[in-house]
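After this come two complexes, each holding chain A, first together with chain B and then together with chain C.
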Partner chain A sequence: MNFITIDKKDWAPGVDQSRKTYRVYGPVEDKNGCQIKPLAPDMQPKMDAPVTVMSAKSVLFPQTEKILTATLDESKEDHHVMKPVETDDMPRVVLGIRPYDAKAVHLVKLNFDNPDYKDPYWCAAYDATTFVGLGVTRPGPCDFSTAVGSGPFSEEGLDVLMADMDDKYLAKILTEKGEKWAAACGFATAADPKESQVLFDVLKKEAEKQIQADVNTDKLAQKTILDLYDAPFWDEVAFSCINCGTCTYVCPTCWCFDIQDETRHNTAVRFRNWDTCMSSLFTHHASGHNPRGTKVQRVRQRFMHKLKYFLDKYDQGIMCVGCGRCVASCPVNIDIREVCNRMNDYETTK
Partner chain B sequence: MDTCIEKIRAIGADLLAKGTVEKVIGFADGSIPMATRPVALTSDKDVGKLVFNSVCGLNLANYVSKNSLSKKEGKIAVVAKGCDARNLVTHIVENQISREQVYIIGVPCTGMVDKRKIAALFEDEITGFEEDGDTLTITSASKTETVKKADVLRHNCRVCTHRNPPVYDVMAGDPVEEQTLDQPYEDVDRIAAMDPDARWAYFEKLTENCIRCYACRNACPLCYCPTCFVDESGPQWVGKGQNDTDVATFHFLRAFHCAGRCTDCGACVEACPMGINVRDFTRKLNKDALELFGWEAGLDLDKRPPLDVYSPNDPNDFIK
Partner chain C sequence: MENPYLPYPVRIDDIEVATEDKSLKTFTFVFVNPEDEEKFAYKAGQFAELSIPGVGEIPIGIASSPVEKGFVKFTVFRTGVVTTHLHNMKKGDLMGIRGPLGNWYPWDKLENKNVVIIGGGFAFTTLRSSIVYMLDPANRKKFKNIDVVYGARSPGMLLYREELFDWEKRDDINMHITVDGTDDPDWKYHTGFVPQVVEDNAPVADEDTYAIVCGPPIMIKFTQPALTKLGYQPHQIIMSLENRMKCGIGMCGRCNIGKELVCKDGPVFTLEEINQTPKEY
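This part shows the complex of A and B:
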């Protein structure tokens, strides 16, 4: 593993230099709080940004993505035949991604890229993307990443992990993609691997110490699905829920989508949009029947999927990286940490 | 307002103990700083969970009608600020609930704080929030700030002229003085003064980060339709993606649906994760309702809202 140092004076010129080969994404601050967005040529990522309201999920999985298109002009031979849209396969780099968001990419990958299914859009975007993470030195009160297998300096899913050292970044190159990105920026000042690792370890320890996450997931795997499903606390958990989709949209690991066709004049387009299990329409059958017709059923689904079904299916922990965005953004303060503990501690009386 | 809480708890406990109501809907402390959560309590032993402070920004009328009251259910008590009570009145006038079904625990309100304004005082995340009378003490890992509540009030609370519930069964405190304003719709006037292109650009910019989570709609007590027009799937009226026209259509139609019904409670803005001031849409309609019909929503149990009555004095001439 090699380490490099990047003088902050060289950072912006390096980012600019990389634009020849990379489309650059990073935290942008506007009136609506920080977002991870593609950066215009004259923009630099706001590296010292607080946690972004939305995760980096949309870099690989846009909220609305055009996937197929067709002409409806019957004079054309190929009318009504859906064809892939042209995609921009230019390499892209996400700068300043939080380590837990990179871990989330790994969890989402289990769904979009597995032996049974390979989602062509997600996989192509994933192959083209380099993730340059920035370790979190001051985790906020919603951050519980250490409790769910990630953490402020977790390396999983990252190509480069950087640490802010005031006047410079210390960067740990983790993959070949990361190496290529550093080369494209012209960042080449080697740092002593041993010393650097010690520094990373210290920073990691310091940051992890600040997270007071009392979230336990150890007993979830032993529970039976139906016991949890029938647990008595769901009404209480769901009472305040207003069934907005905020928690699912801000979540870096929620991956549900809906396919929609739209036509305009002689062009038909097939889109994929984020969908949310909080919406009653999500499970509304064409027959009119809705198997999850009530709020409490929908709320239960969200937590059962994240904390039980996913765990049982993939054996890779829960479908949560502890970013705390759903806790921070929930208008009625439904806290996944409390729900998780309730599920984990639930014992049937049977 | 903290002084109200003992009274709220005592009233709630009494109502539950005597069986006057089946449950009390109020606010409880949240799990993170500056958060509270709506709760429904059924036992008088739990009333200690109730809180009332300057971060009870949602509208509890939202929990009475569409999801908690069935015919079978008995009376429900609701802790209500001025705006919450006005929305309960609207529910009653619009036949969502009957006056007998709800017991209104009125709270004289001195306003809710703008959490984003407070967050903007800090570079890092807020870790603590204390309220003592008119003084707020907010902490983060890097510093502590003391501010006057009046300086960080939400805009809708700054321009509120109905801080006391117009209708209630019991008040949990002495009424507060109502504000009188020289220019209650200064924000609307500022937007109205723009030329059409600038105004259009203003609203385009306003909703550009909308993620269509519909938190604004779902936090709003007025949005109780069994199926919202954006959720209608056969036929589908509005596209579901991030297309500008579809996003704008949702916001425009939702706002119009609230015309003459909105109490400017601010729950929509409070709920929006993207900080969109959706009140910019509804405020103009409130101003119109006031200027054209002399109407403010939720003040009177015996008057129909202006858009569901015919009046020979209607200011428009299309009907004459």
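This part shows the complex of A and C:
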């Protein structure tokens, strides 16, 4: 583990130098608020940005992604034979990712890279990506990351964790990928490891103190799926929901997708697109049968998946990193923190 | 890295209209590359994604049996965009098959046991795969009594008619064919819904008897109590479920029932397992 300091006046030149090796992603301000996007050659990441509206999940899992293609031209020998679109192996770096979003990548990995199947597109993007995080010194009002196994200075999923020290960044290099990125930027000013760690610890403690959320998950594992599924509060939780799906799109840990084909002239392309369990079509059978045909069933599915099914399936905590985006973005003020507490505190009377 | 989304190229070798209303057709496919057939080594009860480039994919149970070599068969109900397109395709056309996917009936556990197969409608496809597998000369001795209860709406909607009547003539399998109703005065088999025929004809359970149930949700729902009346315990009732699927490999998040993914952890579950999950099927 080594620490370096990066003078802020060296930051932009270093980022530019790294572009020879990396495609650079970072927070940028646009008409839709702050977003993590690929940075054009003349753009620098907005490192002091507040919480980005969308997480960094699209870096590895684009909203729409080509996965296969085929020619439909019957004069070609390989017509109607689907072929994989080449995976994007170019090294990329995500600058200024917040620690909870990096932890989310770790959780999503359980889905896309499992002992039975590896998703070649997600895995190639993951292998090619370096995550350079920036500790959160002023957590927002919806941030409850400390309650769910992450936190403002969590290191999980990161290759580098930086702390903003006014005129410089103090950076903790966590992995070999992180070392390579620092070298590509020319960042090499060593910092004293002991002093640096003390500084990180102080900043972490101060940031964590600012998070006031009282969200408890400690009793979720002891409950049975059926008890929580049959709990009486789901109608109330779902009452105001308009099934817009915003919560799922802004969530860094939601990974559901659809697969669709499109044709243009004689070329067929198979895409995958983000999908949402809030849509009634998500589970609608061709026969007309729909196991989750009502709103309350779909709202229950979302919370049960994140807070119980995932927990039981992977034994890696809940499928939430406490970024608070779904709380902030929900147009009808459904709050996962309240739902989590209700589930955690629920005692069946059976 | 293997790409689990990539279908094997196949050619339609035969198309057979399976039912009188022509809503079901049985497609026989051959693999364009013989080595792909080896990679597509499946077990009775599994499914695959039929893939038409430019149109889409659909998950369908495999109707052929692992003991049938050189081809793979699927019986497809015309109901949506992809199935309608497939029904309009012709012999010789090229498309793709991805799989095999999902788990299968627990054949190791079923050895030396009595097996009761219960199916309704076109869900009978994977059960055909199982019956052909069990009746294969190399396998028949591995199983004790085999009973089949199969129901269709009408005589003209019965699938695999020739095979059904061939099996009927054999003395190493007990067939109980039923239709919901018929005007045919020559109809010599049962009339009535599958659950009632099960209750009246299926063997009473002992610890060596297992039931495999595959059919529409409503049939499954009413067959469970009939089997319970006959003494079947939840671990002796094996069901194949159908939820909407896309990826077929447990990643797209669509087909879950509780923490189980029907496409990967299933589609085959025991009632004992299902009883631990929400009723979302």
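FYI, the second predicted complex is superposed on the first by the 349 of 350 C-alpha atoms of A that agree within 3 Å, B and C clash if a C-alpha of one lies under 4 Å from a C-alpha of the other, contacts with A are read in each partner's own complex, and residues count from 1 in each chain.
One rule holds for everything that comes next: contacts are C-beta pairs under 8 Å (C-beta built on N, C-alpha and C of every residue); 3 or more make two chains touch, one makes a residue touch a chain.
Please read these numbers as outputs of a predicted model, since none were measured by experiment.
After superposition onto chain A, partners chain B and chain C are found to sit side by side with no clash. Contact with neither chain B nor chain C is seen for A:A207 once the two complexes are overlaid on the shared chain. Of the two partner chains placed by the overlay, only chain C lies in contact with A:D116; chain B stays clear of it.
For the three-chain arrangement built by superposition, the Cα-centre angle with chain A at its corner and chain B and chain C at its ends equals 90°, in steps of 10. Legend: residue contacts after superposition of the two complexes on their common chain; A:V215 is shown touching neither chain B nor chain C.
When both complexes are overlaid on chain A, the residue A:A56 reaches neither chain B nor chain C. Contacts of A:V136 after superposition: neither chain B nor chain C is touched. By the touch criterion defined above, A:H284 lies against chain B and chain C together after alignment on the C-alpha atoms of chain A. When the two complexes are overlaid on their common chain A, residue A:N333 makes contact with chain B while staying clear of chain C. In the superposed pair of complexes, A:V15 makes contact with neither chain B nor chain C.
When both complexes are overlaid on chain A, the residue A:D258 reaches chain B and chain C alike. Closest contact between chain B and chain C, by C-alpha atoms in the overlaid model: 6 Å. Overlap of the chain B and chain C interfaces on chain A comprises residues 258, 260, 262, 284. Residues 67-68, 70, 72, 79-84, 111-112, 114, 116-120, 123-124, 224-226, 229, 255-263, 268, 270, 272, 275, 277, 282-287, 289, 291-292, 297, 301, 304-305, 308-310, 312-313 of chain A touch chain C in their complex. Partner chain A is touched in their complex by these residues of chain B: 30-33, 35-40, 58, 62-63, 67, 123-127, 141, 209, 211-215, 217-219, 231, 233, 239-243, 270-271, 273-276. Of all the residues in chain A, the ones that touch chain B in their complex are 30-33, 35, 48, 50-51, 53-54, 63-64, 138, 140-142, 210, 239-240, 242-246, 249-250, 258, 260, 262, 271, 273, 276, 279-281, 284, 295, 327-329, 331-335, 337-338. Across the complex, chain C meets chain A through its residues 1-7, 9, 32, 51-58, 79-80, 83, 93-96, 216-217, 242-244, 246-247, 249-259, 264, 276-278, 280-281.
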